[in-house]
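The two complexes that follow have chain A in common; it is paired with chain B in the first and with chain C in the second.
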Partner chain A sequence: MTDNGKPKLAMYWASSCGGCEISVLNIHENILTVDEVFDIAFFPCIADFKVKDVESYPDGYIDVCLFNGAIRNSENEEMAHLLRRKSKVLVAYGSCAYEGCIPALSNLTTKQATFNKVYFDNPSIDNPDKVLPQMVTEVPEGDLTLPNFYHTVKSLDQVVDVDYYLPGCPPEPPQIWAVLQVVVGALTEGKPLPPAGAIIGAGTTALCDECTREKKEKAIKRFYRPYEIQPDPDQCLLEQGIICMGIATRSGCGALCPTVGMGCRGCYGPPDGVEDQGAKMLSAIASVMDVGHESMEEDDLEEVIQEAMDSIADPIGTFYRFSMSHSILKRVKNGKGDA
Partner chain B sequence: MERITIDPITRLEGHGKIEIFLNEEGNVKNAYLQIPELRGFEQFSIGRPAEEMPRITNRICGVCPEAHHMAATKALDALFDIEPSSVVKKLRELFYSSFYVTDHTVHFYALGGPDFVLGPDSDPAQRNILGVIHKVGVDIGKQVIECRKRNHEVIQMLGGRGVHPVAGLPGGWSKAMTPEEQKVILEFAQQNVEFALFSLKLFDDIVLANQAYVDLIVSDAFTHQTYYMGMVDDQNQVNFYDGMIRVTGPNGKELVKYHAKDYADHIAERVEPWSYLKFPYLKDVGWNGFVDGPDSGVYCATPLSRLNASDGMTTPQAQEHFERFYETLGSKKTNGRYAPVHHRLATHWARLVELLYAAERMLELVQDPEITDPNVRPVVTSTPTEGIGCVEAPRGTLTHHYKTDENGILTDVNLIVGTTNNNAPIAMSIKKAAEGLIKNGEVNQGLLNQVEMAFRNYDPCMSCATHSLPGQMPLEIQIRDHAGNLVDTLSQYVDQP
Partner chain C sequence: MNDQFEPVIVGFLCNWCSYRAADLAGTARIKYAPNLRPIRVMCSGRVDPQFVLQALRNGADGVLIAGCHPGECHYVNGNIKALRRFSLLKKTLEQWGIEPERVQLLWASASEGTILAAAVDRMTEEVRALGPLRWSEKVLGEKAAVQAALEEV
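Presenting the complex of A and B:
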């Protein structure tokens, strides 16, 4: 193939849902501009290049690779290494590649428990011989192979070096378009790129800064499930006792979920200066709760605090909904998730 | 024995792989469709609060998150035993219809369409959405982009987000529609109806007017006689959002009609060691292998299946096109029902009839007098136990089944996803296409696209490549000798000049 001098763009999905590709398509007519500016080097979604093409490229041939999806199996990891080698700039695109996303809730259980649930123990299964998928299966005609399903879901930066992170599940189209314009400016006009390791296509502070709901002093007595109350349409959801992760989440989406009356779940990851999103949420909640009073006996106080905390359903699966791979918890120990 | 590996994605997207084995004469002995992916939602959802499922399970698929969101929301209705009010149902169905319009549009124009608009044997480098635009004009390309744009706007307006919506709640919806939004959506719905009619006309002009294409559609290589599944209302007419599940046989007769909650009495899933994806079949018939016919429990759940399993459509223009579909393909009507169409490539046409239905249904619902009723978020106080929710996803009947403790924390989750229904029939279609093309060891370059066409009509979701722009999965066929040595590689893709 010949080089027409245009910057080379790649987009690849590892273990993902396809929503990141849809988010790129949702820049709508701007997709035509992307097609004009870039030369597509690998993009299973919109072009026909194959792995053997990528393998044949010189190292660093791809200018920008948007890599989405988590590392779930051996094949995902092989592709991450290949694309790292072939790309000048590797972007962890979307929550899965950035920090594991919802599929990394799998790190709260085990591979064995997952196989058991999917293939042995469910209402519609018909598997009397306890068949499990195998990496190599001998059929009468020959061997059939499958990739190795990993025990742990990893983020992209846990297997290769990553230059930038573009958060969101999926990233919001205006942010994607803004990032692509910066990249184009850098590649065509020599404008500066953000510093290596930066989080791009998002704000720096907490989501609350862009949420239009009215905020007052937070003094939360107990928490409610989203179906237990009809929230006031204008007041901060957390103040009303509805778990909203905005306080521990990076801005950038425009506070879409709170706008329609649903608490944020943190898909843009933690804001600047926060290492662990779940820990941040926990400490934020502790500081806004208003239970008991100073004159109470210690035992009584402990009890009311416990009661208030118990009104939070599934703190780990909520506070780490999107960031499990990057969390300080990482995963449950082998076998502990079988219960 | 030679072995052919069609590896569209394991080396590329990681979603599917086809292995074809030849016998000593060089004819197809067997073919396997392997799905190398598993993400394990059924297990890691355990321990989560049930009401989070509409926001968790939409991450199964970013192409059809609205379908998972809706099946999960309906499972919550059942779990908390709360019947949604009529405005909630209408609002959800309106949202869902808009999603159907964008989803079916993408498939027709970007995925299935290029095979017909450009031709199955056209230059592979041109056989994509851009080629379609060159052939039929850039205005149509812009219309397709506009159609996606306006419907994603509706999805965000009503569901909170353009991808992975959040509004579903047990018995409710987090946000009502404002009268201002209603005006905008009304205009969009009208545009959708026009766009659907235009698309059907395009299908007429390009496909039906071309005898070679009609011959291809009705050819044996793309025909399978199986059972068909689809959701129907109380008049046995197609509905995507709610109804009973009806299964009809290869002869068109109803095998069974059941409530979605009874799915486990009618569907069972087999496991094969060579694929991570299970193979569902009809328990009422039994598993008899990857074969056609009334004795095989293999069933299909696609736009074609939904039409075959129903008696018609509820909207006037879609009903006209429904009748035309069957009449044109030579189907006879007995006892008020058309005999099923078994030609898998006709699924593309069926999808356009559904596109029109979705657009008309959206237009009906947005004009409903109560659609802007602000009371859409009930307070729920019941104790949850078990719930099953079901919708028609564009790629097949989608079932979510949850059990919880008394606090609504999930203890058990089972999911039967749209494309999973079609795992066995897709494998059969691939094998049949391969058998029709590979004779005496001669592997024709045209095989690649013909094999693609055999599965593309199902719009399989396990290969998200087929949901996106150029409408072809990068396929490569490797021919190996019995020792596994690579003797030849065929690819339909030309390198860039």
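Presenting the complex of A and C:
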């Protein structure tokens, strides 16, 4: 490849769904500017690059690498180390690389249980010989190898140093474009880059700040699952008893989900100053519920409160849907379905 | 000295009732298990669930949250908030795979030194029976925070 002097851009997917790649293409005609400014050095989703191409680059050759996807197996980790070495700026792009996201929900179970579900106990699978993928398989031509599937899913910053975090599942196009503009400004005009370790392309406060729904006193009696209730179009969803993670989630997306009547899922992660998004959500929910009064008998009090809390199905899966890898406890002790 | 496992129980005691209960237990020379590491907070409603998870993550085998009886809160209903948090926290702890005996909520007024002492005795035995939690080492495969800090020195 001839060097045309343009800054080099890479984008790689580890354990991810591919939505992050689509989100980059979703910046519409600005993608032409990206192509104008950058030279694509590695981007398996849209162009044919091989790992050996990246290996052949000198260290620090790639100016900006957008790394999306969590660290699920040893191959993901190897690629993270390789791209860290070859990149000047490594961005944890999207919720998976930032804090684990959906792949990290498997930290609620074990590797064994995951394999059972995927290869044996699955309505769409026919595996009478109970064949499981092996890390090494001997064939006449030699040994075939597969990556090691980890017990615990990690975020990118748990295996390599990360310069910036761009949250979202996936990040929103205007935010992506804003971030790319900052990088372009730094590369072409020498403008300053944000401080290392910064969360870029997002706000700092809770999502409620940018949500236009009408907010009054919160006095929630119980929670409803989305199918149980027809939400009022204007009132705060949480006030209506619909779990909305907005109060424990970083702003930046423009409150897209609450605007269309769906409670915030929490994909932008915790706002500034919060370590554990799920614990903060739990704390907030308990504060805004109007169940139990100081005049009640102790036993009755416990009962009515427990009953109200039982209206929340799967609290961990709901509160830590995106932030499991960055949570304080990180994974469960004894995975369900573990033999 | 024997090899009996001595659990570490972090206690979040409210300033107005339970911490005074512990004080009273002391001045009354009530003998009880020395496994509680009391931390005074202004109200049981101040106990952020992050504190509990952080304690469990960093080496505690159990956490006791203690506050005023319902209706007696210095801030009217801080302890009701604590109870709501605790009820929901219990559900998540079950999902995390942490036994319910490891995190308990207790009401103990300033005059109930004996109740606090008895609860600490009971909880110590319950957690002792469960064995060490050691989350960093046993669940995450990391070094215990204390051990890592010692090695840095």
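Quick notes
The working rule: the second predicted complex is superposed on the first by the 324 of 339 C-alpha atoms of A that agree within 3 Å, B and C clash if a C-alpha of one lies under 4 Å from a C-alpha of the other, contacts with A are read in each partner's own complex, and residues count from 1 in each chain.
One rule holds for everything that comes next: contacts are C-beta pairs under 8 Å (C-beta built on N, C-alpha and C of every residue); 3 or more make two chains touch, one makes a residue touch a chain.
The shown structure was predicted, so the numbers you read here are calculated from the model rather than taken from an experiment.
With both structures placed on the common chain, the touch criterion links A:D161 to neither chain B nor chain C.
Looking at the shared chain after the overlay, A:C20 reaches chain B, while chain C stays out of its contact range. The partner that reaches more residues of chain A, of the two candidates chain B and chain C, is B. Looking at the shared chain after the overlay, A:D232 reaches neither chain B nor chain C.
By the touch criterion defined above, A:V139 reaches chain B but does not reach chain C.
By the touch criterion stated above, A:Q306 is placed in contact with chain C alone, chain B being left untouched. Of the two partner chains, chain B is the only one touched by A:C257; chain C is not.
In the superposed pair of complexes, A:K117 makes contact with chain B only, with no contact to chain C. Once the two complexes are overlaid on the shared chain, A:D272 sits clear of chain B and of chain C alike. After overlaying the two complexes on the shared chain, residue contacts for A:L108 are found with chain B and with chain C alike. The intersection of chain A residues touching chain B with those touching chain C, taken from the two complexes, comprises 108, 314, 317.
Remark: chain B residues 1, 3, 9-14, 19, 21, 29-30, 32, 34, 36-49, 51-52, 55-56, 59-63, 65, 80, 124-125, 128, 142, 145, 148-149, 152, 156, 159-164, 166-167, 169-172, 174-175, 263-264, 267-276, 278, 280-281, 287, 377-381, 401, 407-409, 412-414, 416, 464-465, 467-470, 472-474, 476, 484, 491, 493, 495-497 touch chain A in the complex. Listed in rising order, the residues of chain A touching chain C in the complex are 108, 152, 275-276, 278-280, 282-283, 285-287, 289, 291-296, 298, 301-302, 305-306, 308-310, 312, 314-317, 319, 327-335.
Those residues of chain C that touch chain A in the shared complex are 48-50, 52-54, 56-57, 69-71, 73, 76-77, 79-81, 83-85, 87-89, 91-92, 95-98, 107, 135, 138-140. Those residues of chain A that touch chain B in the complex are listed here as 1-2, 13-23, 25-26, 28-29, 31, 44-53, 72-73, 75-76, 79, 101-103, 105-106, 108-109, 113-114, 116-119, 122-127, 131-134, 137, 139-142, 144, 146-147, 149, 169-170, 172-173, 225-230, 256-257, 259-262, 265, 313-314, 317-318.
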